[in-house]
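For reference, the structures are reproduced in the following blocks.
Next come two complexes built around subunit A: one with subunit B, the other with subunit C.
Moving on, here comes the complex of A and B:
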């Protein structure tokens, strides 16, 4: 049991990347429009995030340095500041969306308008970050998020035409343009590899005081959490492809996105899936809010983290609090939370190389890593992904403009 | 002293690293810049941190905003950055560890007192774990004078040596400074350990920013694709000993010997 609980950090991190509010809906939209023809992107994303999360976890365990320390140290103050500006902006946007997402899940349960739920959700999230121990937090929300596994059960209950799903893997629908297809591919890859995942994961490793002896734990977290998150996001797309695609419907809200589960498993399933959605979005709220504190503090060298009492990390907690307040205000303007994440995903795709380049460099630096430097396998994959991320970074914003954000 | 003196590349091994307080592992600040005592053989005297150290290195509008904002809140005539004597440094690794009971920077103390400390549940505010802060007022004042002193116009900053144009003896452009090589054989600091002396400059033929550590031996060019790319962007990299430098001013570095006579970094 203890072994199992040790991987909750990976699960919480991965769910914040793969099945947070933006991805929950994006996966369903992609499934209903493109069938399974974008599944390969998710697989590419899973492998990519595993490669870099493994490196950052290993660096955190060996040298106790989290990712944004590395960004500043290797890229220098200027490029570091550019990355900080971009990441912080994306973090706060995503945070706003996640608060909205958790509130939407509560609206589904209670029928009360989600805007009424936004302030309490934000307040509770802040209280959790203010007082709850990191380990407790990661266990509670990591485990509760596992309720989303109900999608796998639902898919099996729906009894889809497996042959049809398999053919979709290699055949994109004819009525969608190539730019739109590529735009969604980038959005999915950006969602899978969002920078805040590695900020949170490596800082979480430091919070849990990983040392060289915890390298196995670090790896287990990576190789359980991220693939699980990825499989869930594929399942959501498959459910949508099964239910919505034949009738040419496109789910555009959280309420519609959970319908396949209701169809497959009835009310009980619906209850479980809403719990899962709430846990995943609330977990992502914590992940993005803490990440904004982590990245800013680590750039400037401030004391950060929940491993000291709040009064001993004042600048960090002020940053987290301010981010939550700004994000809450943003979502209370009735801006659509799902639209917000769509944009922030694409912006984050543009900022990816600046985050992953220093991770790759330092994972190769024996001054940091001793004999734990990257092997050939990690380096070949890492270099391949750097090239891929560069292409993605260059293409992301032009594609967004050209396709009017995938419409 | 039988073992050879330690060699560091300032930008690679020191600048922008985290500073950690030895006694309780508290994260204090970053090595935003290094203060050097100028002279024939300049050496590093202190770690500088805070907006007044980082701002000038950033340059441009963000740097200007950072320094000017900090100045608004300072009472000194010529405020200087947060300063930690090199003699307090106990370890230089993935972080720089310093001995003693260094205080936090002013912003942290102010926020602790006025914001975070007022929210219920912030327990353990201020320097509770610090045994020497019993009689707080007097030592704090003394510390403040020492830590956040006046700017020292006579001192040199290492950050200023980076990215400068290098010219040969007859004025022809030779390249750009990319790093400063430091050797720990300078004068004794506070009778504890030797200072890091500036032993020479690493000069890249082409202006291409940082070397990311790829100036080190070919065994460390990994991943190889990245290493090759960075090396290519910089062109040839050579090393000028301090004696081979004729003059240093705010704008450029003048070499006393032509580029061809400089050592290649491969022999370092």
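Moving on, here comes the complex of A and C:
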């Protein structure tokens, strides 16, 4: 049991990457429009995030310092500031969407408009970050988010045509244009490898006081958490491909994307999936809000973290609180949380090299890593992904404009 | 003279904002394409409403209400957006009438179902499923003709 609980950091982090509010709806949209033909992107995303999260976990365990702390030191203040600006902007944008997502989940339970739930969600999230221990927080929301496994049960219960789903893997639909296909591929990759994951994961490692002896735990978190998130992501797409694609219905809301679970498993399944959605989006709220505090504090060299009493990390907690207030205000303007997150996925994709190049460089620096620098395999994979991420970063914004955000 | 590099961010932001706007119809072909897209979106919303009615006993009341409310909202916004596009010719007027007749009918039907759901539940679910299915097919056919 203790070993199982040791991987909850990886599970919680992976939910932010694969099944937060943006990914939940994006996966359902992709499944309904492209079937399983974009599944390969999720696999590419799983391998990519595993490669870089393993590096950042190793950096945290060996140096006992999180990635962002080292980015400024290794790359200099200017490059660090560009990195900070891009990731902080995406963080706050995503935080707004996650608060909205958790509020939307409560709307599905109560029928009350989600805007009424936004302030309570934000308040409770802030209280949790202020009062609850890091380890308790990651265990509660990491484990509750596992309720999303209900999608796997629902898919089995829906009895899909497995042959058809397999055929879709290699055959994109003919009526969708190539630019739209590529736009969604980039959005999925941007979601899977979203920048705050590595900052949160490495900072979480420091919060849990990982040392060299915890390298196995760090790797277990990576190789259990992220593939699990990826499998859930694929299952959501498969449910949508089974229920929505044959009737040309395209989900654009949280309520619509959980419909296959209600059809397959009834009220109990519906209750479980809404619990999972709430836990995943609330967990991602904590992840993004804390990541804002982590990145800013680590850049400026302030005391940070939940492992010290709040009074000793006052600027860190003020940053977290300010981010929550700004994000709440943004979502209370009635801007659609789903739209916010769709754009943040693409902005994430555009900022990916800024995040992952420093991770690759630091993981190769013997001054920080000693004998635990990257091996040849990690470097080959890391270099391949850097080239891929550069292409993705260049193509992301033009494709968004050309396809009117995938319309 | 403003350096070109400084013009890039505002230009990108403007392009981004414009990418989310509804553009006017340039000619009959463009208008027909918009009509097809409108019918497709409306058919999708009707199919979600149909699923809610068809699987009503497998859902909780608040959930069914939320999904039906979203369908009404989607249909309303589809009507508003397409209704706001200027048809460029008489031929386009006919397409406009055909599309709006179906989308407005869809909005009214789903709105009626929402009202019934909020009261004592849908009176005749089988008939509602049948009607919504027929309406969704008509909208899909229309979308297919104007692709």
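Everything below uses one rule, namely that the second predicted complex is superposed on the first by the 407 of 407 C-alpha atoms of A that agree within 3 Å, B and C clash if a C-alpha of one lies under 4 Å from a C-alpha of the other, contacts with A are read in each partner's own complex, and residues count from 1 in each chain.
Just so it is clear, a contact is a pair of C-beta atoms (placed from the backbone, for glycine too) under 8 Å apart; a residue touches a chain by one contact, two chains touch by 3 or more.
What you see is a predicted model; the values in this text were computed from it and never measured.
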Fit or clash - subunit C, subunit B, common subunit A: fit
Partner chain in contact with A:247 - subunit B first, subunit C second, else both or neither: second
Which of subunit B and subunit C A:255 touches, first, second, both or neither: second
Partner chain(s) touched by A:263 [first = subunit B, second = subunit C, both, neither]: second
Touching partner for A:63 - first (subunit B), second (subunit C), both, neither: first
Partner chain in contact with A:110 - subunit B first, subunit C second, else both or neither: second
Angle at the Cα centre of subunit A, taken between the Cα centres of subunit B and subunit C once the superposition is applied, in steps of 10 degrees: 130
Contacts of A:400 with subunit B and subunit C, given as first, second, both or neither: second
First, second, both or neither for A:365, with subunit B first and subunit C second: first
Of subunit C and subunit B, partner touching more subunit A residues: B
Which superposed partner A:336 touches (first subunit B, second subunit C, both, neither): neither
Subunit B versus subunit C - smallest C-alpha distance in the overlay, whole Å: 13
Contact residues common to both interfaces of subunit A (with subunit B and with subunit C): none
List of subunit B residues in touch with subunit A within their complex: 11, 13, 15-19, 26-30, 32, 49, 54, 57-59, 62, 93-95, 104, 107-108, 111-112, 115-117, 119, 121-126, 209-210, 212-213, 220, 222-226
Footprint of subunit A on subunit C - complex, ascending: 12, 15-16, 19-20, 37, 40-41, 43-44, 47-48, 51-52, 55, 58-63, 65-67, 70, 74, 136, 140, 147
Parts of subunit A lying in touch with subunit B, wherever the complex brings them together: 63-65, 69, 72-78, 80-81, 130-131, 300-304, 308-312, 314-315, 317-318, 360-361, 364-368, 373-374, 379-380, 382-383, 386
Interfacial residue positions of subunit A with respect to subunit C in the complex: 107-111, 175, 247-253, 255-256, 259, 262-263, 265-267, 270-271, 274, 397, 400-401, 404-405, 407
